[in-house]
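The two complexes that follow have subunit A in common; it is paired with subunit B in the first and with subunit C in the second.
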Partner chain A sequence: MPREIELFGFFMPTLLPMFLLAFGLQWLLDSVLGRLGFYAHVWHPSLFRFSLFVCLFGAMGLFLY
Partner chain B sequence: MNAKSLLRYVLTAAIFTIAALVAIALWRHYMYSPWTRDGRIRADVISVAPDVSGIVVDVPVLENQLVHKGDVLFHIDAERYRIALVQANAAVDARKADYDLKRREAARRATLSGVVVSSESQESSASSASAAAALYQEAQAARDTAALNLQRTEVLAPVDGYVTNLDVHPGDYATAGRALLAVIDSHSFRINGYFEETKLPRLHVGDAVSIHLMSGGPILRGHVESLARGITDRDNPSGPRLLADVNPTFNWVRLAQRVPVRIAFDQIPDGVVLASGMTCTVIVKPHD
Partner chain C sequence: MSATPSVAGWSGAAWRDAWRVWVGSEVPGWIFVAKTTFAALLALWIAFRLGFDSPRSSMLTVFIVAQPQTGLVLAKSFYRALGTIAGSLATLLLVGLFAQQRELFLAALSLWVGLCTAGAALYRNFRAYAFVLAGYTACLIGFPSALHPETVFNTAVFRVSEVMLGILCAGVVTDLVLPQALGAGLVTMIRGSYREFLGFVTGALRGRLDHGSMERSHDHFVANVIALEAQRDAAYFESPDARVRSDRLRLLNAGYMSSTTSIHMLHQTMQRLRRRECHHALQRLAALYEALAIELMPEEGVMPATAAEAAPLVQRIAAFRDDLPRRIAAARAALEHTADATELLDFDSAAELLQRFTEEMHEYTVSYVALARPGTRAHKPAPPYVAHADWITAALSGARAVVALLSLSAFWIATAWPSGAGAATIACVFCCLFASAPAPVLALRGLSIGFVWGLLAAFICGLLVLPQLDGFLLLAAGMTPFIMVGIKLVTNPKTAGIGVGYSIMFGNIIGVENVTRFDPLPILNDGFASLLGASVAALVFALLVPVDSRRLRRHLVRSLRRQVLMACFGGLGGLRHRFENSTRDLLGQLLAGADRVGGEDRQLLGRTLSVLETGHAIIDLREAAAIGTLSVGSRAALNACIRGLARLFEKPSEQLRRQALEGVTRATDRIETAMQAEGIDTAERTGLRRGRVGLHLLRTLLLDDETFRALSAVENPAIAAPGASHAA
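== the complex of A and B ==
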């Protein structure tokens, strides 16, 4: 996996599009979990959401590096 | 009800802990693992200058052409040097004739008794024979120089490599010692990886390296060959009157400087085109 991505001659870290991807994934997951009523079993939904996002992004980043 | 509310806490705490661990691991990998985007392909560049001056008569190579060691890069008009060699040969012959004459004369006088030839005359003929021998040797050396000059009118490739900066054409006047083209040694390709100094502790000589060229293509393999043991201290130029001129820096924000690390290719696959100066990403795999 390349550590940087070229866009019209600009090179940027792959982490950047990965961040956007993780964001989209998080949004998808969040709506599914919300529809299933999962957040009723969670003490602090915002903290849970944030942690979930960090996990997603961090796992993708670790896969990269 | 009690178990259910405990589950609520445990679930949240668990995912938060995992998130924290993942974040720390990512941070460590990103900050401390020895890799850099600032790698440059380097090669030895040999500036080829003629050893003798003269008019360039023929340039049999093309720009960017692959040449082998000993191939002719260009010819300098040899006529003048050929004439000089003839002249030097003639001088050798003349000196040799003179030396033969004086040698025989001295030998003859040495055998005669002191009544016929004075000892002074014997001595003087012996020493003039020695002087003639020395002049003869001098002429031989001059002839060797002339022959060398003639040979050096053919400028040869010093290494296997690629001709670049070819700025010499038939009719140009080539001055001895002034470089007219460069040859890039094709066996000398290597990488200078500019690593932040914070990443140096986890980098050792011999570590395996994978190399991603900015131009794409396959991942190349290499190993760390050596680390530079000095970079310029940019905060310490000496000012006028030899006083120190220390830059006032920020106390809080500092930038890691970069230290060049020399990386050798293990093997360059066919079809991968390298040019000195190309950019690459260098990832070192520490062998802990």
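== the complex of A and C ==
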């Protein structure tokens, strides 16, 4: 995959749309987990959420580098 | 309390107590200070590493969005991000249109800022913040571009990146390190307000509360409704759990609002009955009230501490509600022997209100109990919170911002002062930020004091401390004490304004950039520019139709009365909630700037209650007028009556009052004929009876000199004078 993509003559790192995608995915997963009551079994829900996001974003980043 | 012993004489237990008190009261504040300082320095470090244009913007963003609770930070961050993006796009468009013409560009920019300020004044919650940001981001990017249009794209990209970085750092640090969730506070608040309301209701129903405490608690209820909505809005960003509950919270708030209104209307009705000495009706009603009070809370009963404990109340209230028509009919039958027709009508309207209140209390309790169950949806669609948006206030705020910005731009062009753009930006920030504040001049004074101290601190730190240090770690160490002072000031509500001013000024002027310069000249120049900008904003607020001016307040008080027109002409779907909600919101706005010592708050509350009573009666009437089997003539009479009332509330006068009364009398005749007609079913009869009761209430209100005086006091001082004659 290209590391930079062009949008209307403006070059940006592919990581940026990936970041947004990861953010959206995380929001989705977060809602599902919250609805299932999963967070009642987690010690530090925000830390879990943050780590989940890092995992998602990191996994996507692997396609690039 | 005993006399304080000397410290040397303290026992171990006393030391432990003192320690616990200190931990309880001071530690949360210090945790917040440490977290914010850490987040700010982290943002600064990353910004340096990424080579941003002005790393300090990231640090400033952290200062600005910093709040103790996660939800508040996330909500503010979200709207800040939204506003920044909108502002950047707008600037790109403006620069594209007017790149060659500096004057035209500045004029267009001022207009945009004016629009954003007006938007910020329309909304008074976090949404306003998006408008503020859209306005001042345009300034931040736009002013440098007025000189160098070719750099605008880069400036915009960097600005957005810097803000996003600051937001990310603030959000992640607040949420990860010793997080303080909004949810816990929200639960306490909801439980507290339910218990308090239950105690209030039982006291009121048993006739144990005097008029003064009724009014005071109403004031409190209004504040609660607005606070709950704000917290719900922010908690939405916090966790999926809060998002699931968001609808139910909204429903709860709507139930709370309507029950508080009903109980006060009930109280007003009783007051009127007492004034007219209708002892028989009062006696019967008191028995009914007592019965409800026992269902809600037996004499020796305990308050339900949690939503789960309140669950049995739902059945009890429902049983009472289903039994209530029978009880009312029995009481009415007993009353028919002793009371005349008017007293019977008075009894009917009080009984109608009691039924409404019982229904609303049931709704409120159901929503409260539903909160305890995880994962369930709201039991019915929640009505949205309807804020009262005042277009005139908004337009004025917009005009203020335009004037401030245009005059500073002119000053900038005329003097070619290098920091002129900074002054204009600061003026714009404040015009937007305080567009909806109740006392902007006072707030600006606090900020300006903070500015002076921040300038001083930046001077000391930037010129005496930092030149001695080398490398980021030492820079951070050198800045930490100065940053902590500002955030510590923010944690105390009394000095919060000063703290914000200090932090903004310090962060802005310290000017940590990629190429460090230690030069007093730009520090002073930029510092004075900020002070000038703040002064111009304060001047504009003080001179251009001040927000706290009597004229503007009178306008708001008049809009309070005109809320009745909404009840007269608004679409019937969900009208009751919309009317109630926006009236409440307006009252909240008015109370924020009310003169409490002079009794203005009591007057406002009295006026609001009259408006609410009238509005609800009119809505009853309109619902009766919408009944299908009503004859054309009757419907016309009801509509004419509503129009007459609308005219009266638009601009009260004795003549219109007489006409409205005539209209009410005619409508009463019609509706009584309709009620005796053959072939109407129970639902229609109930509707008609409600309309009839509403008409009676309207008649009572119109005849009541005190109510009329309170409502028309704004523009008719002649009527407002006590003892003025009336021919009703």
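In the analysis below, the second predicted complex is superposed on the first by the 65 of 65 C-alpha atoms of A that agree within 3 Å, B and C clash if a C-alpha of one lies under 4 Å from a C-alpha of the other, contacts with A are read in each partner's own complex, and residues count from 1 in each chain.
What we mean here is this: a contact is a pair of C-beta atoms (placed from the backbone, for glycine too) under 8 Å apart; a residue touches a chain by one contact, two chains touch by 3 or more.
These figures come from a predicted structure and were not determined experimentally.
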{"item": "Clash or fit, subunit B versus subunit C on superposed subunit A", "value": "fit"}
{"item": "Which of subunit B and subunit C A:Glu4 touches, first, second, both or neither", "value": "first"}
{"item": "Subunit C versus subunit B, contacts on subunit A by residue", "value": "B"}
{"item": "Partner chain in contact with A:Ser46 - subunit B first, subunit C second, else both or neither", "value": "second"}
{"item": "A:Asp30 touches, of subunit B and subunit C: first, second, both or neither?", "value": "second"}
{"item": "Touched partner set for A:Ala59, first subunit B, second subunit C, both or neither", "value": "first"}
{"item": "Smallest separation in angstrom, by C-alpha atoms, between subunit B and subunit C in the superposition", "value": "5"}
{"item": "On subunit A, positions contacted by subunit B and by subunit C", "value": "44, 47, 50"}
{"item": "Touching residues (chain side subunit C, partner subunit A) in the complex", "value": "70, 153, 172, 175-176, 179, 239-241, 243-244, 374-375"}
{"item": "Residues of subunit B that touch subunit A when the two form their complex", "value": "4, 7-9, 11-12, 15-16, 18-20, 22-23, 25-26, 29-30, 33, 35, 37, 212, 214, 281, 283"}
{"item": "Residues of subunit A that touch subunit B when the two form their complex", "value": "2-4, 11, 41-44, 47-48, 50-52, 54-55, 58-59, 61-62, 65"}
{"item": "Residue ranges of subunit A touching subunit C (in the complex, touch as defined)", "value": "10, 30-31, 33-35, 37, 39, 44-47, 49-50"}
